[in-house]
Structure formats: C-alpha cells, structure tokens
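Take this structure first; my questions come after.
Order as written gives the chain letters A, B, C and D; numbering starts at 1 within each chain.
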Amino acid sequence: EPALIFDLGGKFDKSFNEAAFNGAQRWAEETGGTYKELEMQSEAQREQALRRLAETGANPIVMTGFAFGDVLNQVAPDYPDTQFAIIDMVVEQPNVQSIVFTEEQGSYLAGIMAAQASKSGTVGFIGGMDIPLIHKFECGFAQGFKAAKPDGRVLINYTGTTPAAWNDPVKGGELAKAQISQGADVIYAAAGGTGIGVLQAAADGGILSVGVDSNQNHLHPGKVLTSMVKRVDNAVYDTFTNGVEPGVKVMDLKAEGVDVAIDDNNKPLVTPEMQAAVDEARAKIASGEITVHDYMTDNACPVQ
Amino acid sequence: MTQAQGRLETAAPAAIELRAISKAFGPVQANRDIHLRVERGTIHGIIGENGAGKSTLMSILYGFYKPDAGEILVGGRPLTIADSQTAIRAGIGMVFQHFKLVQNFTVLENIILGAEDGRLLRPSLSKARGVLRRLAQEYELNVDPDEVVENLSVGHQQRVEILKALYRQADILILDEPTGVLTPAEADHLFRILEGLRAEGKTIILITHKLREIMEITDTVSVMRRGEMVASVRTAETSPEQLAELMVGRKVLLNVQKTPATPGKPILEIRGLRMADAAGVERLRGIDLTIRAGEILGIAGVSGNGQTQLLEILGGYPEKGSTLSGEIRMNGVPLPVAGAACNAAERRRQGLGHIPEDRQAEGLIMDFAAWENVAFGYHDAPEYGRGPLMDRDAIRRDAEGKIARFDVRPPSCDLAARNFSGGNQQKIVVAREIERNPDLLLIGQPTRGVDIGAIEFIHKRIVELRDAGKAILLVSVELDEIMSLSDRIAVMFDGRIMGERLPGDTTTGDLGLLMAGVDAAPQTQDPPSREP
Amino acid sequence: MEKMPKWADVLLTPLISLVLAMAISALVILAIGESPWEALTTMIDGALGSSYGWGFTLYYATNFIFTGLAVMVAYHASLFNIGGEGQAAMGGLGVALVLLSLPLPHWALALPAAMIGAALFGAAWALIPAWLQARRGSHIVITTIMFNFIAAAALNYILVNLLRPVGSMDPASARFPNETHLPKLSDMALSLGVEWGKNTPVNISFFVAVIACVLVWLLIWRSRLGFEIRAFGKSEPAALYAGINPVRITVIAMLISGGLAGMMAINNVMGEAERLVLNAVEGAGFIGIAVALMGRNHPLGVFLAALLFGFLYQGGGELALWTSIPRELIIVIQALVILFTGALDNMVRVPLERMFMAMRKRGA
Amino acid sequence: MDLNTVLQILDSAVRLMTPLLLACLAGLYSERAGVFDIGLEGKMLMAAFSAATVAALTGNVWLGAMAGLLGALMLSAVHGIASITFRGNQLISGVAINFLASGLTVLLGQKIFGLGGRTPSLTPGAELEAQVGPFRAWLSGIMGPDTAGWLTTTPRMTGITLPFAETLGNVPVIGPLYAEVISGHTILVYVAFLMVPLTWWVLYRTRFGLRLRAVGENPASVDTAGVSVTRLRFAAVAIAGLLCGLAGAYLATGLSAGFVKEMTAGRGFIALAALIFAKWRPWGALGATFLFGLLEAVANRYPNLDLGVITVPSMFMNALPYILTVIILAGFVGRAIPPRAGGEPYVKER
C-alpha cells in the first residue's frame, strides 16, 4: 500500500500539496486501490511520520516538500526495503527517488506568454514568503519575459517574512493593485493562499494574472492568462503506479513535469502568435538551445 | 436594644430605620444584627474603631453593598435598596471616605454623572451649571465648575462630593469621616453647612473618629464595635470618656506618658530642600529642619502639603520624574538627594528606619506571609541568608520573636499580611522598623486605622526608642497625636514649614491656623528657628 | 482565615476547569461530526500508550517547560511576556551560531556552550522590551508581540542570506557537526539495556528542563533576588519603599525570562532538528503562556502543565495523523484550556470557595 | 514621485487602514470602558470567516456581513463573561480568544466547505454556484425566482462611485484626489471613516459616552452614581465586537473575495498598537491607522527601497510597521496614559 505525506501547508494549500493529493486520488480512482496519507503537524513529526509509515509497511512512501530532505537522509538507510520518493529535493540514498521540477522552465514559458499579452510592457511577480524557492519562479519568469521583451519591466514584490505571508490575500490584492497602478498588466503570483487575492485583484482590475502549481485558470475564467502548472500530481501518480526508481528524476518541460496550462478557460486569451512563441520556446528548451538559469544554483538571476 | 435606644423612639416615622442588618465579607463579619434609627431633621453621629463596620453599614444603606440579612425602612416604609440608583431615588446621598470622583473629569461632569437629564450632555451640563451656582450661593460651596477634579485640593474635592449629593436632591446625607482631610477651619465651615442643612429639615449621618466633633455637632450618636451596634444615645446625655469606653470596651488612657526630652547631637539636618514633581508642580519649597538624637519632631499639617514627599525623599525613593535640590545630612554625612545613589536600601544600611504612611500600599506586601514581611526591606541583611539565598529558618525565628514581643494577633508567621486586621498589620511594620534600632526613624501616620489599644502600645514603643537616644520624625494629621507625642512641632503648609512650636506653648487653635497657612505668631516665622 | 484549603486552590480548581474545557472540546468534536470518545482514546493511546508516544510527549513538554518557566518568571514580576516565541527563535539562532562557529569536540562541551548562546540571544531579545517598559512605560505586551514579528523577519533574512548553505533550497542552516548531537533518551535507555522510545526526539534537554524547574524554584522562592522579583510584582510602591529598583528588577526578570525561552532551542534546534530551520519554535512561545497560567506560576505546576500540553500536542498530532479530524482541533482545545483555567478561573473558584465556607460553618 | 503615484499610494493606504481603523475604534470603546482587549485579532478573524461563509452560502454579502457581526459578537460575549462577569484576567481571555478563533475558523470551514479552511472564492463562478445554488432554489420556492436571483447575486461588496467623481475628475489636484482616493471604495470604508466623528460625538457629547469614559477611569464613581458598571462594560465590549465584525467582514468580502485561514495576519495587534499611539482618542485613531496604512502602502510600492547608498531589503520593509510601532511606543510621541481602571476587573467585595 503506497503512502503520501504532505508538508506543513496541508493538503488543501491550493498549491503543490493539493496537486500531490489530486495525483493520489486519480491513482486511487483508476486502480481502485487505497493509500495512506498524513499531514504534518510540526517539524518534529517529520521523522515520526516517516518511520511510522515505514514500520506499518507502506511502500512506496511519497513526500512533498524540501523540508523532508534532511530527515529522509537520516531515515532512509534504516528501512532499506522501503522505497521513498521525495518531491522538490535531492536526497542521495539507494532507496530514494528524488523528484525535482524545473519551475524555472515553466515560469519561463509563463514569462513568454506574459510578454505577448502585455500591452504596457510592464508585468508583475508576487511571491509569498521571501525564500530561495520562490526566487526560482521569479527568475524563470523574468528570463522568459525579457527574452521576448528585452526592454520590458518586471515588478517584484514579496508578501512577507513569516508563514503568514502564505495566507494574506488582502496583502496580495493590495500588492497587485500597487503593481497595476505602476502599469503592470499581467501579474504572476507564486504565493499560496495569498495568490488568491492577487488573482482576484487582477480580475477586478481588468488585467491578466498567471496562476501557479495547480491549474488556476478556472478561478477567473477569461482573466487568468495561464497557470504555471507543476505536475506534482503526475509525479505522485507515476510513483504510485510504477514504484520508485532510485536516483534523481527531473520533471522538466520535456518530461511534462512543468508547463503552462491552456484550457477552455483561457483559450480566448491565447493568440496564435502567443501559442507559437510558447511552442517555439518549449522546443528550444527541450532541445537545449535555450537554457533557463536556475536561481538555486548560485542565488542570482541573470536578468533583473 | 439598649435603654438609650428606647428613649429615642418617637411617634413620627424615622428618616432611616435599619433592622437586623448583617453583612459578611468572606470570613469577616463586618456587620452583625445592626439596629439603627435616625430621626428626620437631626444630625446623627456614628463612632467606632477602625474596622468596626461603619463604612460597610453606610454603604449598605446607599446600595453599594447588599446586606446578607435585615431590613431597611426609609421614611417609615420598607425599601429594598438593590443599588445606588434606588438609594438616590429615595433621597439618600453619600460622601464616601474615599471619594468616588473621576479624576480627569471636570467638576460639572462629575456632578451630572449618572444624573443626566437626557441622552445628550449639553442640556444637562447647562442645567447643572445653573443649579450649581444656586447651591454654591446657598451653602457657600464654591468650586469652579470647569476645573478638572485632579487639580482640586482635597477639601474642594469633598465639596464636589457634597454638591453631587445635593444636586441629586438628597434628603438624607451620609458623610463618612469627612473631617480627616480638612483643616480645623475647613471642618468648621463644613459643620456650618451641615447645621444649615439640618435647619432645612434634612437628615445627616456623620461618621467620625473625633469625639470632639461628635460632642460639638450631633444630636444623637451611635457606637459600633466589632461589627455590632453597642449603643445609641442622645449626645447631650453622654461624655467623651463614656463614648471612648463604649468604643473600645474598656477604659483607655487618652494621654501618652513620657518624660521631657534630652536632645543630643543632630542626627538629621535638612537645608533648603526643594522638590518639583513630574508635572513640574513644586511640592517642597525649601524645607529646613534639624532633628537631634533623643527627640521626637512632629510634623503637623493637612495631608497633601508636602509631608508625603518629604518622607519619600528622606526614605530614599523620591517620586519618579521629580526634580530635587537641597542638602540632607545624616549623622553629619551628606546623603545624595537624587540619582541612583539615592536608594531606600542604601538609606536603611545607613541606619534609617521608616514606617510608611500607607502600610497596605508600601509598608507590606499584602500577599506575603507575615514572616516574609518581617524581612521585607531587609531581605539583603546578612543574618537573613547566605549569599544569594535566603535563610527561611533564620527569618522565621526572627519573625516569631517580633510577633511575640509586639503582641501581633493571631501570632501566626504564615498568615498572609492581608488577613491581619489593620492594627496588627501596623504592628508588624512597627516591629520590623523599630527592632532594627535605627538612628533615625521616619514615621508616617503611625496610628491611622489602628484601634485605641494598639495606639497606646505603639506610642509607648516610639517613646522608648526616643529615650534610647534615637531621632524620630513623626508625621501625622491627627493633631492630638502630634501634641501628645512630639517634643517639638513643625507645621507644614504648601511645601513649607510654616512655623515651629513647642507642645507646651501652643494650642490646637494656633496649630490649626498654621496648618491653614496663617501665621498668628510672625516673630518665630522668619527665619525658621533651627535650634530647639 | 483562608477561604479554602490550599490543595483545593492549586489542584481542584484547575482540575475542574480542565474537565470543563474538555467537555466543551467534546462538544466541538461532536459538532464537526466526529466521535469525542474515539478522539480521546486516539489521543491517549498516541501520546501515552507506548514508550514511543511518551518520547514525543516528553519532547514537546520539554519545549513547553522552558517557555512556561519564561512566562512564569516574568509573571512574578507582574510582566506579561508574550514574546516567548521571538525569544525562543532567537535562542535558536544563538545555538546555531555557537555550534556552527566553534569547533566543539563533544556534546558535553557543546551543550553548555549552546545553552549560553541560546540564553544570551533569548535574553537579548527580551532586553529591549524590558528596558522600554521600565524606562519609557511602553506596554510590554505590545512590544513583545512586535518583537515576535521582528524576530521572524530577522531570522528569515539571516537564514536565507547568511546561514543557508549555497545550493540548498531549504531556508535552513547547515547541519550541526555530528560531535555536537545530543544524546537521545532512547540511546541512554539502550545503554542501560532497555529499549525505550526508539526514534523519538526526546533528548537530554529534558533533564536540563527539569533542572531548570528546580533552579527557577530556588530563584523565585529561596533567593533574595526572587524575593525582590515577587515583591515588585505584587506591589511597585512597596518595592520602591523597600529600596528595590523597578528598572533593575524589570530588566533582570525579563532577561531571565528571555534566557529561559531562548534555552528552548537546545531541545528543538540542537536536540531534534540538529540544524536551524525557519519557524522552528512553532508556537511553543504562546503555549508557554497557557502552561505558566495553568501551572499557577509554580515550577512544579509548570512541569505538570507542560506535560499536559505535551500530551495535547502529541495526542492531537496523532489525531490528525490517523483520523480525519483536522489538526486545528488541537488549537481549539488549547484555547479552551487557556480560557477555562486562565480567564474563567473564578467561575470555578468562587462556587468552590462558597462550598468550603459553608462546609466550615457547618463543621464549626 | 508624481502626483499620480502619490494618489495611488494614498488610495491603497485608505484601503489598508480601514480594517485597522475599525479594529482600533473597537479597542477604543472597550479600553475606554476599562476592558483591555488583545483579542481584536481573533474577533476580526472570526468575523471574516463568518461573513465569507454566509456570503458564500447565500450569495448575499449583506447577510454575510450580518453573520460577521454575529461571529465577532459571540467572541465578545466570551470576553465579557470572562473578564466582566467572572473578573478574569483580560489579557488571558484575549489570548484564548485569539487561539479559539484561529482554530475554530479552520475547523468549521473544513467541515462546511472541505477546502482546508478556505471558503469558496466570492466571485461568480462554478465554485460559488455550487454553494449558492441550493439556497437560491429554496428561496425561489418562497419568493419567486426573480427576487431570489436578485438576492443571491451579490456575494461581495463593490466599490461605490461617489457623486460627481467623473465631473470633478478634471479639476486639478482636488479632482483626482476626490475621484481616485476618496471615491470608489466599498461602503465599509465610508462607514469606518464616519465612525471617527461618530465615536468622538458619542464619547464626548452623550450621556453614554460620559458614563463609558467614567467607567474606564473610576468604575466606583459610576457605581455609586447608580449606573451599572457591568451593563456599561458589556455595552462597550459589544460595540467593540460589532466594530471588529465590520473589520472582519471588510477583510473577507470587501478587500478580498473570500476567507483564507489566518487572513487577519496580525492586523489586530497593529490596531492595538495604533490605539496606544492614538492615546485612546478617536481622531488619534484615525491618524495612527492612516500612518500604518501609509507605511504598508509605501512598502508595497517600494519593496526594495533604494536609498542610493544602500538598498533596504524587502524583509526590512515588511517588518517596518512593527519596528516603527516599537519606536513610537518608545515614547517619541510622549507617554500614553491608558484609562486608569483599564485591565482591572471591578471588584467591590474581596
């Protein structure tokens, strides 16, 4: 029986925990199987949860979030017969599969689309808590945008420095309004619950927004340009179905790990040129013609 | 009840009649089966030791407390006084021992509070202004209606309280110890007003400790002791001695026995001490005083004329934010008047003892056990512990001795200070400070809230300390206490020493004038005599 | 003279309050359509049913002992320290800096060094609110709350920009050297030949916390300084009269308080995570308030209340892990416990006092 | 910085200050009556949740707002019972209320919507329709589909364009100021601003205000004047609840469209600091909350303040309101004297 552990944000975080949950649900519905799931309550529980699941015989065990990396490194050797998969972090153990996403690539595509959709030449990025992971999204987005509009401008805001930064839609909305007033006409939100306020303010303000992690296009049909989806659901689904292959699994554009979502809700917004630009960039990234810089490698972003 | 009460009964319904009133606060039985009858158009005095239950009884009448049992008749009709609103409607007004004024409201706002005429203030205020002007003329109760209460003197605050009652058209006026805070002249003025009110047919209940006042103004008087009403008599048919005996339950020596003082070298010298409080108001305006070994210097004065500040400065803890200047020497050594070096603990090490004016707020930690309070202020003393730790056994042994020698009742080390009666609380403080054998003892209001028996005892110990060659500074608002205990008397008024007198050479009238800021004998005033 | 016996005051009242809080909690559980009985058994089983559960319960309790003692010491000086959260977070920074910068060869050396670092940083974070309260009269409740926010921001900055190893996504410091890892209670039990609490985070800090209880007891009830703190807390005018300097006592009490809160970091940061992560305190600073109040501001009470909250935390965690009850239920239970034992204390106490008075009257 | 930027920042400041102002005035009533209230945060959160929940279930924001008031009022009642009736510690009661709100909102939200404590977004769409549908159907049965439809299609508050905003817009300075900053907010913003003079008037011009201030300074004076201290304090605590209710409703249904867990994000504490800064006065509250709103608006607009020599990092800018609060409290605006009886339960008999 497989198991899934969610990080502290909880499985309804409208973000990657929820995506993981959706993947597990899909697997359960399709196969009729059952799986165990756990939500973290505190830092100290990480190890507890891992061990408890391993001891009850769950296999494979999938966990979401970089915060598990450290603990998994300690726990995995104790259960050589159990297979683990960790999302968003690299853990080098023989029985661990590390699944990482190239958020910068997806964000790059979102940047391209934003550049096409923007009339003012100014777009915005709103991040949640000011941590490196979110800078990765920011940097990819900026690269894509600048590639299409080299003299355009990206406005950047972070909501805060406490966990409250993930749950402050009021502040998110206000930041979006501030960016709108500075001319931004597409805003990319990578801010958890705060992002709901950003998308709302963008819709109210008559501009476009870009959702994150899950497909959020439906939240404001016709007003969300696209969503940078991170197919955590696919990763979970695959792992549940096929088991764990130890090593690092990079869920990049090529592997359809990240992408920009295009569906009925945003079809009318996606012009043929935009579609063409995205397709071209996607192909070039896949072929290696374009490399999107990953902020995490050197804590710096080539464009600003 | 008593024969005396029987004689008081007349045909007309009494203004107030209390029947079998009882009231307990937790384990304390404050009032027990009280009967009282007050005739219309009379002034009725109530006396009794502190804690006898006078204020409680009156607060019940005013609806502030609810009685546990008993019945109240107003104008002959039974009335359940559930709250003060009922009492006010029944024409009862009360001036509390501790005023119930809002300090940062104006006089006018305080007067209308709770007696407004409508939802909006403006009409009430203008109406009250008119009524106030009329009352002020009628009763000579002048106060500025727009002054903020905290800027008024205590006497004026009391006027506001009386005006509050009159504004509510009180027919029955209760005054709880009104003269404790007044100069003799102010007290006389108050009595004239009360007489005027009586002439109009109003009924007045007057609580006081001062037998002289009872004899002077009341028509009838009741005596309370330990929560019970022990007698009600016509004033004309009794005497101060009889009343005192009724109060305490035994014969009392009203005078202190002491030999003449033999002053030695100066212990405390104060020169040009000035102090302005945090708000910049000058509280002390140049104090010069000398106290010698083996003498008691009494400082008389209405409270609020700088005595508190003087004691605090000498005690080493001047008011926060105040500015000080001048010179203080103890045993010839100059003491810092301000700054970090000016510290009560340091003063104690230099041989100062201090019985503070307010034992409950300053002298004791009410929640600490008796033994802890015995160490309070001296908790750094080497005999009370080793290094940073305290030696409980040593302290308790010491405390047990003090409690025994000072006859503190109950003689329990572990009882919290809060659970001792006022007199016994004071004995703990006095024992702690006197037994340290200080060179200089500051005493503020040593017998406030203390029963007559304990007063005798405390006075005796103070005189003994003097006879042991120590210097004593005694501050008291009780002129009788000052007169009988002091070897020399200084009168404070408005932050100054108005004059010095020897107890044998002066009268209460003379002192009263000084206390009011009038110097009847200018020859001794300037410069203030420094030599005894 | 006392209204009721001491045991009734210190034991019966909180116990009844606790039962009331639990009863209301049961109603809440019913309201969300779950079974209170099942919830209770899951909690008890998960927290106390095995040495494993105990290992976690004691681990959480260790955190709460430190923060509870911190609130308690300040409370005796009549200061309401709501800043335990920020002080504990800063204590974590102190631990991390010490362990990452000093080459400490053995945990026996690392522990005292880390304790000093933790206490110093925690105390420093309490110093400014204390000083502002003493000198400027700025309300310590507000300033300590603000300092919680500021600590979070500062820590975020430091972790992300200064302490994070390059290339790591995780806003966390590097791992502390292996030599500095604290012995776990399970290891200690194993060396005695007993298998106890395998893989639980409870570590030697628990004993440090117990010692801290004793030391705080000595401080408050047996030392001259404690005498001054208590006297000042009961009555500031009296303290002035006795020559106790209010500024000094306020600052000292808050330094001790902040130091104790900071010391929590030896448990969660050094003992459990073995590195400094973002938001490592996880609300233990606030729980400390409840712990101190429930413990009647006595170290023994704090110890017992910390156990209770450790139980609630671990039991509640198990509840959320294995049932469909959301973890927020624990927060509600905590709120109710605080409400009933802290704020609605008189609701239970007054009738009890009446009862005892009536009994005494009848007996007399 | 051109005029337009200034106006936009001011506009943002007005929105951001509104919940602070309402909460601050709530605290003002309560504390002026002698009841300290650090539970403003919790009450706001509860109100935000109740408002968003009912708005999401009925599609009617005004019903939502009423529910918000009720939610906050319930917690006020808890505070009143604990600190007035049972004379408990007001700070502890406040702490408990904050915990209670933070737990209950998610617990109930999860129970009702199953969205992890979030309510559905209050914008017309499938998510909302799923909730409102049954209610509308039920309502149609009672009052017909037209009325029901009309009643259930205002899930959130919309801005009000004040009269002449368009025509005046061309007048220099004043025009844009009126059109951009003053006009176009939701009704609760105007309510909040009107509460300031109203509060002043109630406090200083009415009998109720006189008694309220008196009970916070010296409850015994009120008691001996024959007015019930308990009733007055309960009234004050209730008014505080109502104002917190408005603040919460504004957060969830005016400023954003729906509830997200912990969405008050510390605003109750900032309001409390503003109250002290305001020295417990209504006009001061306006000034203090405007300052905080302005600070946040500026930090939003200039996330990395470039001062030429150094660039202030965003983390610092985000913490700025808290740092400033401490600096303000440190007495650079003079010592604030709280109501004298504040924090003390009124005890007649020991």
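A few remarks follow.
As a working rule, contacts are C-beta pairs under 8 Å (C-beta built on N, C-alpha and C of every residue); 3 or more make two chains touch, one makes a residue touch a chain.
None of these values were measured; they are calculated from a predicted model.
Between the chains C-D lie more C-beta contact pairs than between any other two chains. On a Cα centroid basis, the chain most remote from chain C in this structure is B.
The centroid of the Cα atoms in chain A and the matching centroid in chain C are 36 Å apart. Per-chain Cα centroids separate chain A from chain D by 34 Å.
Centroids built from CA atoms put chain C at 46 Å from chain B. Residue positions of chain C touching 2 or more other chains: 149, 153, 156-157, 330. Residues of chain A in contact with two or more other chains: 130, 160-161. Annotation for chain D: residues 110, 117, 266, 315, 318-319 touch two or more other chains. Screening every pair of chains for touch gives A-C, A-D, B-C, B-D, C-D. Residues 38, 78, 81-83, 86-93, 95-100, 102-104, 106-108, 110-111, 117, 266, 269, 272-273, 276, 313, 315-316, 318-319, 322-323, 325-326, 329-331, 335, 338 of chain D are the ones touching chain C in the complex. Only residues 28, 31-33, 80, 82, 128, 132, 136-139, 141-143, 145-147, 149-150, 153-154, 156-157, 286, 289-290, 293, 326, 328-336, 338-339, 342-347, 350 of chain C touch chain D when the two sit together in their complex. Chain A meets chain C in the complex at residues 38-39, 41-45, 47-49, 51-52, 66-67, 69-70, 88-89, 129-133, 136, 160-163, 296-299.
Looking at the complex, you find that chain D touches chain B at residues 204-211, 213-214, 217-218, 220-228, 340, 348-350. The part of chain B that touches chain D in the complex is made up of residues 25-26, 62-65, 83-88, 94, 96, 100-105, 109-110, 112-116, 118-122, 124, 164.
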